[in-house]
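When the chains are written out, they are named A, B and C in that same order, and each has its own residue count from 1.
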Amino acid sequence: MSGRDFILSTIRRNLRRGPLPEDQAAMLRGRLNSHPRQLIPARSRLPRPEQVALFIANVEKEFGSVARLADLAAVPGAVADYLAQHNLPPAIVMAPHPELRAIPWSDRPLLRLHEGRAEGSDQVSLQHGFAAIAETGTLMLPAGPERPTTINLLADTALVFLRASRVVGAYEEAWDLLRAEHHDALTGGFMPRNVMLVTGPSRTADIEQTLELGAHGPRRLHILLLDDDEAARAAA
Amino acid sequence: MLATSPAFKENAVHALAEPGLQKALARTKPHFHAKRASAVAALPEFEQLRDIGRNIKNHTLAHLDFYLETWEENVKRAGGQVHWCATAEDARAAVLAICQKAGARTVTKGKSMISEEIALNEHLERHDITPVETDLGEYILQIRNESPSHIIAPAFHLNREDWEESFRRAHTDLPADRVFHERRDIMTEARTKLRERFLAADVGITGANFLIAETGSSVIVTNEGNGDLTQTLPRVHIVLASIEKLVPTIEDTISLLRLLARSATGQDFSVYTTFSTGVRRADDLDGPAEYHVVLLDNGRSAMLGSPFQEMLRCIRCAACMNHCPVYSVVGGHAYGWVYPGPMGAVLTPTLIGIDQAGNLPNASTFCGKCESVCPMKIPLPKMMRHWREREFERHLSPQAVRTNLALWGFVARRPGLYRLVTRIGAAALGWLGRRRGRLSRLPLAAGWTKGRDLPTPEGETFFVRYARAQRRGRGAA
Amino acid sequence: MLQTSPRVALFVTCLVDLHRPTVGFAAIRLLEEAGCQVEVPRAQTCCGQPAYNSGDRATARDLARGILDAFGGYDYIVVPSGSCGGMLRHHIPTLFDDDPNLRARAEALADRTHELVSFLTDILGLERVAAKFSGSVTYHDSCSGLRELGIKAQPRRLLAAAGAEIREMADPEVCCGFGGTFCVKYPEISTRMVSDKADDIAATGAETLLAGDLGCLLNMAGRLKRQGSAVKARHIAEVLAGMTGAVPPIGEAG
């Protein structure tokens, strides 16, 4: 008897039934297809400006940092300033995303950017954020040719470009965006190979329960938040 | 991993006297308590989420066969392979076969309790494959050849001196006289060493916190990022997961994730929560070319329909052991195997047998704190009691205990006899303690009197005094 | 408040019976003061916890049968113990899963069963007792009473109303290490747990330790005395009934 047969038959025997009758199976398939939400905590059910503010507050609580930028033109300067502030070399591996390419990098010619996946030698990376979740200050970074996973992991300093319009309140809303916008050719579904939900820089508390940043992943996480959402801008 | 659970009592006595461990426990306990309490206080919906979590898992378990089949279909659709393993031996063989086929020499590992359960590392080493633990806590344990003492903070029992000493001993290519000014220096050294290993590994093995039926995905939850480096960089990714990790949908998983980090470390969410679905896609720039799930049963299917079914709801958060007053004073190694604390007390006998693990469900006062903090509302004391019933039925409890219980039971069933025996006992003990109201020593009571005095009774029983009061025509004495 | 005088059966508990009858009489006084008519069925011995928690379901069931028979026909059953109260309310019904009739009787009994202090406050609506008690106390929350029966605020309310100064431990809810047979099966662990508890008690500076469970109290008093502590340990019923003069503190001679 194969492992599969053994496991499935033991499960059924102990549940005192054979394979699920078709009507029950259909019901379960229906549930999978409709993937109902359960309770969504109230904490992120806020007006847009407060939602974005909550996102920022949560990122900072988790040792990340956020620079709020008025337009794309401000991005190169913000990046250059951040690197200078932290004494980091101006060499960045950048995710090959069209929106990142569209940033006017030539405004800061000293910044050296190369596109592609990250390697062990990269010190600074720039990722394009697909969405972000205010509930806990979390970035949703799905893998793809435009967003290699290694960009999230290998460099000591991880920069992430994120549009404020892509900040949602709860995780469910971010997953809804992925379901709606991403098509995976291999499976015919919406899941890419990998979706990373990232909340702050890497850390450990393994040594005497003391928090230290930069365990294996990036020690710094800096978000370049483009204020592209009129409704999300705080009242003056 | 060889179980020393039969020696729990001796292990515990040793642990109570071990200064390094006690220092670590004193540091760790309040930390975990405070963090969880503050995370729970900050989420008003936490209690409702516990009910939701319990219901999701109960629903899944009641239809586990369906969800496993659906999940498998989706794994395959994403180019992955599923290896169904009934036993630990099957799982070891499956992992080895994948590694050998890949020509692996070094294998990086994210933290996986299943890999401890099946004793994977020794098996790989016996076949000339080097497993490298990458979770910082597991890494140092590997260097020290020690087993984990906690399911999410495996090396909590170590103090800073232990880390420094072990690193000096193991990292011989670095200057022996180097100074670790801060804890950060220890971490940085590990980061550098392990980065080389991450980049060189042929195969990466992770566990899975959840397996999602809807998409055929595996989910890992880490703070270090080691799990992600383990599963993204090598050409082959192996997920080691047991069957009860199944969850129906992404939305179901989100509800459980809202409970997990808060219950475990008091974070709202862990730093890296990653959903993996199959192999590198055609135009991806990184990711593994092979994705395997070694799916382990090892006694779980047998728990369905049994009094231990509810244990299958466990999401391995460790809240129970963090709050257990017994674990808090003896630590994890005393339990003698992979899973310590209250969840270990229930699970270990199902995996290695009650005859080996009998001490574990007995070493509990049934205070109920574990159940009160369990995010999945698992009735842990009830299941520990079930184990005690099994032991009793199988005559596994010590004969002296059975005899005493039988004698006591005989008397307690007979109120008349009970009145007589208690009258004599109260008078005798009361007389013995008449001078001070307590005894420092009493034959047959050494267990009690070793550390405590034994307060002695008033000298007559309630019923004697009550009967006298009734005769005098009054209700109260 | 109830109109008629409720008929209450006192479940004495084996520890009160054997060790400290004054607690039983204190319970009777409190109940009678509150307007109850108290009887003590003679055919009672033990709630069966020692057997139940040792896995001897058969003995536990036999004892439970006896309790069903002895305690039928009362408005309430009141117990000066959280653990025995929990046994009667939550566990005994589960011993009769195979017999719907007995199960129904057990559930009916469970519904009418209450721990002493919570009965006074939650059922009879008492805000204060007649007795006064000045002096500092610390209250230990016995595990079953706290987690199975929800007893937490009630004893503190009555104590404060009686004039006691309550000094809380850092961890009043942590198990004292008694656990029935646990304390003799794993004495080293138990002794460590009760030592930690004793340190916590000492740190409050309270003169008196109170709790609602004699098992816990014997354990804690035993450790306190071994340490030479001057802290007095009593069952809360003795204080609330104004009967502290009737018996010395636990582990002390008259």
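Following the convention adopted for this analysis, a contact is a pair of C-beta atoms (placed from the backbone, for glycine too) under 8 Å apart; a residue touches a chain by one contact, two chains touch by 3 or more.
Which protein is which chain? UniProt says A = Lactate utilization protein C; B = Iron-sulfur cluster-binding protein; C = (Fe-S)-binding protein.
This one's a predicted model, so the numbers in the text were calculated from it and none came from an experiment.
Student: Please name the chain that ends up farthest from chain A once chain centres are defined by their CA atoms averaged.
Tutor: Of all the other chains, the one whose centre lies farthest from chain A is C.
Student: For which chain is the distance between its Cα centroid and the global protein Cα centroid smallest?
Tutor: That would be chain B.
Student: Averaging only over C-alpha atoms, locate the centres of chain A and chain B and give their separation in whole Å.
Tutor: 30
Student: Counting only Cα atoms for the centres, state how far chain A is from chain C in Å.
Tutor: 54
Student: By residue number and range, which residues of chain B touch two or more other chains?
Tutor: Where chain B is concerned, no single residue meets two or more other chains.
Student: Sort out for me which residues of chain B touch chain C in the complex.
Tutor: 9, 12-13, 16, 325-326, 329-330, 362-369, 371-372, 385, 387-393, 397, 401, 405, 408-409, 411-415, 418, 422, 425-426, 433-438, 440, 445-448, 450-458, 460-463, 465-466, 475-477
Student: Going by the contact rule set out above, which residues of chain A touch chain B in the complex?
Tutor: Residues 2-4, 6-8, 10-12, 14-16, 19-20, 24-25, 28-29, 31-32, 35-39, 41-43, 58, 62, 96, 116-117, 120, 135-136, 138, 143-145, 148-150, 152-154, 171-172, 175, 184-189, 191-210, 212, 214-218.
Student: For chain B, which residues are in contact with chain A within the complex?
Tutor: Against chain A, the touching part of chain B is residues 24, 27-28, 31, 43-45, 48-49, 52, 56, 62-70, 74, 77-79, 83-86, 90, 134-137, 140, 153, 155-156, 159-160, 163, 183-184, 186-188, 190-191, 194-195, 198-199, 213-217, 223-226, 228-229, 232-233, 243, 248-252, 254-255, 257-258, 265, 267-287, 295, 297, 301-306.
Student: Per the contact definition, I'd like the list of chain C residues that touch chain B in the complex.
Tutor: So the residues of chain C in touch with chain B come to 12, 14, 16-22, 24-25, 28-29, 32, 38, 40, 42-46, 48, 50-57, 59, 62-63, 66, 143-144, 147-148, 173-175, 177-196, 218-219, 221-223, 225-226, 247-248, 250-254.
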